[in-house]
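Here subunit A shows up in two complexes: once beside subunit B, once beside subunit C.
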Partner chain A sequence: MPFSRRALIQYTALWPFLGFALSPTGANGRANRLVIADEGGDRGLPAPFLHHKDGIGYLYTSYIFDTLIAQDRTGKLVGGLARAWQLSSDGLSCTITLRDNIRWHDGSPLTAKDVVFTVAYMAKHPYLFVSTVKIARAVALSANRLNILLREPDAGLLSGTLLNLPILPEHLYAGHASPERFTSGSALMGSGPYRFSGYDRAEGRYFFKGNTDYYRGDPLFDQMAIVTMGPDAALRAMRSGEVDLIPFLPYDRVTQARSMGFQVVTAASNHVVRLLFNNRNRFQDRDRRHALAFAIHRKALIETVRQGEAAPAETGFFQPNSPWGGDTALPPYAFDPQQAQTLLSKSGWSRDQHKRWCSDGEVIHLTLVTDTPLRREAVVVSEQLESIGLSVDVRILERTALREALRSGNFDLSLLSTSTMGDPSDLARYLAGDFWNGDYFAGSREMTALLEQQAQVVSLHQRKALLAKFQALYAYELPSYMLFNPNYATAHNHKIAPRFLPDGVAIGIPTSVHKSVLVG
Partner chain B sequence: MAENRMIRPVQVKLIVLFTLGLCLLPAVVYFLPGYQTSLDTLAAPSLEHWLGTNDIGQDILTGLLIATPNTIGIAVIAALLTLLLSIGVGIFVATAGRKLSGLVLRFIDILQSIPSILLILLVSVWLSPGMIALVVLLVATGWYDDVRVLRAVFLRELTRENVRYASIGGESGYYCMTVHVLPAVSPVLVGLFIQHIRRAALMTAGLGFLGITDTRLVTWGSMIQDSLNYLYTDAWLWLLLPPTLVLCLFLWGCLTFGQRFERYVMTGARLSV
Partner chain C sequence: MVLIGFVNRLLIFALLLVITFYLPRLLPGDPLEVMVASEYTRGLNAGEIQQLRIHMGFEGSWLDQLAAYGFGILHGDLGYSFRHAAPVADIIIQPLGWTLFLILLALPIFLVTGVACGIEAGRQPHGGIDRFLTGAMTLLASLPPFVMAIGLLLVFAILLPILPASGAQPLFPAQGMVAHALQILRHALLPALALAMHEIVRFFFVARSEAISLSTRPFLLNARARGIYGVRERVDYYGRNIFPAIASRLSDAFSGLISGALFVEIVFSYPGIGLVLYKAIGERDYIVIQSTVLLLSVFILGFNWIIDTLVLLHSRRG
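The block that comes next holds the complex of A and B.
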């Protein structure tokens, strides 16, 4: 007999438990369970050194790991694990008082020693999303008080480092020399509003349980699942009550979602699609960068690939609503093919008898590299550039190959989607440093100096003034041409009220499912 | 008998027409406005766009006209080159000494033990091949599967009496090959050729479908891929159906042609005895 009666009974008895693990539906649809449908799939294990190197991987991790400073539902900085903090007048030390009675998910108390450990551990094992280089060390003053000593003043200490740095449990992480290989359940023990309860890499599923001991209020949900599902399937599942939230609803499904009776929140994502010039090679010349900007018809691009669901971006780095960009009017580089051609001629390029652009008698072939999500944009941009006589070769690269191409400078143009939100203390690294999708731009000493200064000044007012200057210079120098600012949308039902934050979540993630909306 | 004789001219005419059509397609495309993007996105079929437009406003009919010679061209060229290569190696292992042919056959064993689809996917993801790279890739991963079959066929033919007599009679190897061996194995060759065309067409479509060929290379597969986002909307009608139908039609045509040709050659061979 292939199946004994007893086994059959056992299997049947297991079903109610398997229901949640196997399908997002479950049998009874309890009100305090949240199911999130994410198209992206696997983001790695939700722990600081294990998640994928993208914002969403960081976001999932933030549900489990708390930080010293947190954001409230409007994005304002509020106390996280820290109850209070006091920055010294020279900006070189910060005294932090932790909340009382905060505990790790395993029940052991979270103390100042854990924070001191985290700072030392991250110094030894740098964490991609938070740079701690400016922190000299942290010293515990008592069980719930500590001092963070800085090497130099850090303007982004509160809104950057302390907001983003996940605090690790010393008793679990100490002794692990390579955190990337520390993948057991203890690596996922944090102090955040949700506990890790399961992960299926192949299916890209995550399961969380509400942390009933949470110090900032009760988690809204006993259980939370994130499942991989395309937008159309997710909308259908939402109609039958299997899914509650689609954090990234494609722009062309918004009307459909509304007509199905779901609530949709939208916001300018400030995750801008930009055209990066190779500033180390062909496009060192500012005139050429300006020429290409004039040759691109951004409104037509938006109408074609986004059916209008985006706005032409600010040509400076910061986008509208950013607290950092100031309010100087910036050049819009309105579509002007004539101007583009004049500037290209001025830069030393000439046209042959077939009207193709040449440099030293050789026809110029520009290589535009990007990855799959932006391939439609790449086709339209290359067509627009070809209409002024430039020959463009589009290469859609796999992510690692794209990274390599940008690092090695083996490209002329690249289309990238980048967040412009979050504390700008790291912006110097983005402009001319080691960020793989940065600008690799060393053409303006003034810009570099401004960025270095703003990262150190203690006065917020002064910092904003410096960044506003940088913003204007960025639009003039144009290391990248900011093309458009897409609208992001989140569809949801009555269980949850997602909300986009003006300067993004933590490191600048354009999501509406910040952990503050998951806590009551 | 009579039926077979009647098939022949029709087939020849069809082949000629088909080839001519394929050669003319690029010329037709040249005079068309081009596969340009436009603000007319996801437009349903109309007088202006007979088969509608896709999500970035490219005309589907123009796309088909460009994709057809691309896909078939890649398939035919790849199949031809694959076959030539495998015939060459097949003859070599059939005629070379035991050690040398053993060496080549072991090498082929190694190649055959590598799953070619994985190899193609891997290389494609890194290179996102254009037309020429795609042909090279298809030939490089397709030729070795035929060698054993061809070796057996050539060995059988080479040991036949007519070849021996010709050889003893002082005819050159080239003469024996072209006059006696190749005509005798032609049904097998045609069969393999058709099989390769189908494989290459499917593979090209498949890679285009996965979106790992060059973006500028429009194939039936890449057009099908473009439609995937819109399967839940009405646009699937004009996005998905045309390239899929053309692909099915082509594969069916290959199959039918292969069968008819085989039947013709087989019965023709019997007649001449």
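The block that comes next holds the complex of A and C.
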């Protein structure tokens, strides 16, 4: 009965309303519920193969589906479904012991067989957020013990694969050859702190119920709703008591939220705004990259466009408090227009009688491409560069057109927003691989080699040392100039204690509403 | 004539099917590329990309894909969106319902207001009422629909917060069916008004020009001489004679209303089909773009055909 099941989910939009209305109320006359307002709208059904392929879609799914390894409230790796794990000295196998008496939301026991099934199923049906390509196979040793065998050592096994891989119930997923079309209620049966209760695609609303059998503590709320609402409407709804939490409060609403009496938690997002150089063309020359870095006044940029709600970024890839960047002091490229001009001259560019920079007698016109969210930053950066005699043409492109421009190399400079969090196993793809938002940088074999090594070493200490070295080289080579690290803010009314994690949630999502803050 | 009209529209539909299939594909990027573009998604190897392409129905040439799509449409299958992991019908039916509800609500607003004002102005051309109404309507016509929508939002939802600013219903709707229906109506009022505003102008000018020419006709002079004024004069004498012109103008108003709904839905965050289409274009979700445009064109063509047939039957009756 595939249609009726699908219809069941599609048209359960009214159920939660009924459920909320009929649920027992607390001392304050309201149900024990949490209402979260998100501007983004529909993120798809919260199941691994059904959610939209973005960080927030993954986050909602993580409320329902648990992983073997989890994060605590500070971001530290702790046991999830797994009680203990032991990595072999050669890094080629990992023995995992599951917790006792863990159950799926339908009451069935969760066993090692489910984990073995998940690994095999994900190998057959690629999940876009976790790669199982380094796992040869998983073998159940008993009902609660299993062995994961690897093709090659994987430095990111614990902090990447096992932290991020949602475990699927074999009894519900087995036999579904196309999980993207498996949309019945069974597809949303996980083992996490909240159960799926309803979804309204058109209005982008989600409804969850607390899982009272949860093994890591009691969910703080009987019911939880996520509703689509712009920040102004959400602040008004918070004042009237309809909304409890705005996870992503725009920086220009922080003062207003505070003046309305709400708590606002802020933290460096580590979702950095960076200036990408075209490393395949004009900016292959390091001196030119350095010159532009010296020509940009980052503090003035932050004051102008972010009203101070950001800090100058670390010039390496990783940002402060990251577990990966080490503590080497990095060059800050403090604003120095004189130094910028010296370096541009050294790189072979010269100035004409109008003080414009020229190459082989031709005036240089740089094209800076970005998309709408960073348009103001682009204008300020272009004006700063023009003040040292560079001609900059700013082009605001639609997102897909921007991707095309970066891929084809049809630009000189680009302003981009980039996450620097999550396990760095895949960082080589960002530096010199096929990722559209990456650096396209092939100018340092040493950096590439460091990234390849860090993805394979077994020792965490050794891995961190390699990444610290990469961090220093990144700041020196400067494939991109990390401009500023914006603050992210969450407004709330004390029902929970939201907290941003230093390396983000799971795959590096910069949110303060990790599931650990939703459990008592 | 009725049958010819139907066949004509069927041919247009077939042409639209081809155009809506090809146009999104001419935009830069494709759905798979957009789908895996998040910085949180991992790198895929060539085999995985190929596997996803097959799953998403991007195998073979565009002609093969068009044939498969056309075959599906003939069988009532609008396709499957991988972006949403849902059949397209599930994605668009509910929003389409909200949009049609807005249009249905806007329809009496602009018809009654536009035609009534038009008759009032045309009854006494160049009189005080005509000068006032024509001036006001000209002013209204100069405002783009989205400006009107933002203005209404600002005045009635923010400065005088008497109506909801966004959405189609409250976060927690009332339990009773009647109370819930009233809440839905309250949420739709501002967007429907914004949608109706531009159409009011269009119908005002049609009704006014028709009324002006009617005002000089002997049967109306005769009626007035017999003391027929008020509602009877306006409805029975002006209204009935204006009806064919209004009806034929209504047939092409529907497409304008659909495109107007796009702006209105964005301004009021109303969960209609306009928002779905807007997002689908950004996401290059071909199948949702194709099927939404196709479904809307079926509504527009069907509505046109019904109105044209009604006008034809009316004119045959004399």
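Keep this in mind: the second predicted complex is superposed on the first by the 476 of 520 C-alpha atoms of A that agree within 3 Å, B and C clash if a C-alpha of one lies under 4 Å from a C-alpha of the other, contacts with A are read in each partner's own complex, and residues count from 1 in each chain.
As a working rule, a residue touches a chain if its C-beta (ideal position, glycine included) is under 8 Å from a C-beta of that chain, and two chains touch if they have at least 3 such contacts.
As the structure is a computational prediction, the values presented were derived from the model and not from experiment.
In the superposition on chain A, no contact is made by A:Pro337 with either subunit B or subunit C.
Of the two partner chains placed by the overlay, only subunit C lies in contact with A:Glu203; subunit B stays clear of it. When the two structures are aligned on the shared chain, A:Gly508 is found in touch with subunit C, with no touch to subunit B.
In the superposition on chain A, contact of A:Phe129 is made with subunit C only, not with subunit B. Once the two complexes are overlaid on the shared chain, A:Met229 sits against subunit C while remaining clear of subunit B.
Counting residues of subunit A touched by each partner, subunit B versus subunit C, the larger count belongs to C.
Applying the stated contact rule after C-alpha superposition, one finds that A:Arg375 touches subunit B and leaves subunit C untouched.
Residue contacts after overlaying the shared chain place A:Arg395 against subunit B, while subunit C stays out of touching range. For the contact definition in use here, the residues of subunit A common to its subunit B contact set and its subunit C contact set are 232, 398, 401. Looking at the complex, you find that subunit B touches subunit A at residues 36-39, 41, 55-57, 125-126, 128, 211, 214-216, 231-232. Here subunit C touches subunit A in the complex through residues 27-29, 33-45, 48, 51-52, 55, 80, 82-87, 90-91, 94-95, 98, 165-169, 171-173, 175, 269, 271, 276, 279, 282, 284, going by the rule given at the top. By the touch criterion stated above, subunit A contacts subunit B in their complex at residues 232, 300, 303-305, 307, 372, 375-376, 378-380, 383, 393-398, 401. Subunit A makes touch with subunit C in their complex at residues 6, 10, 13, 17-18, 20-21, 35, 41-42, 44-45, 49-55, 58, 126, 128-131, 133, 178, 180-181, 183, 201-204, 225, 227-230, 232-233, 236-237, 242-243, 398-401, 403-404, 418-419, 422, 426, 429, 433-437, 507-509.
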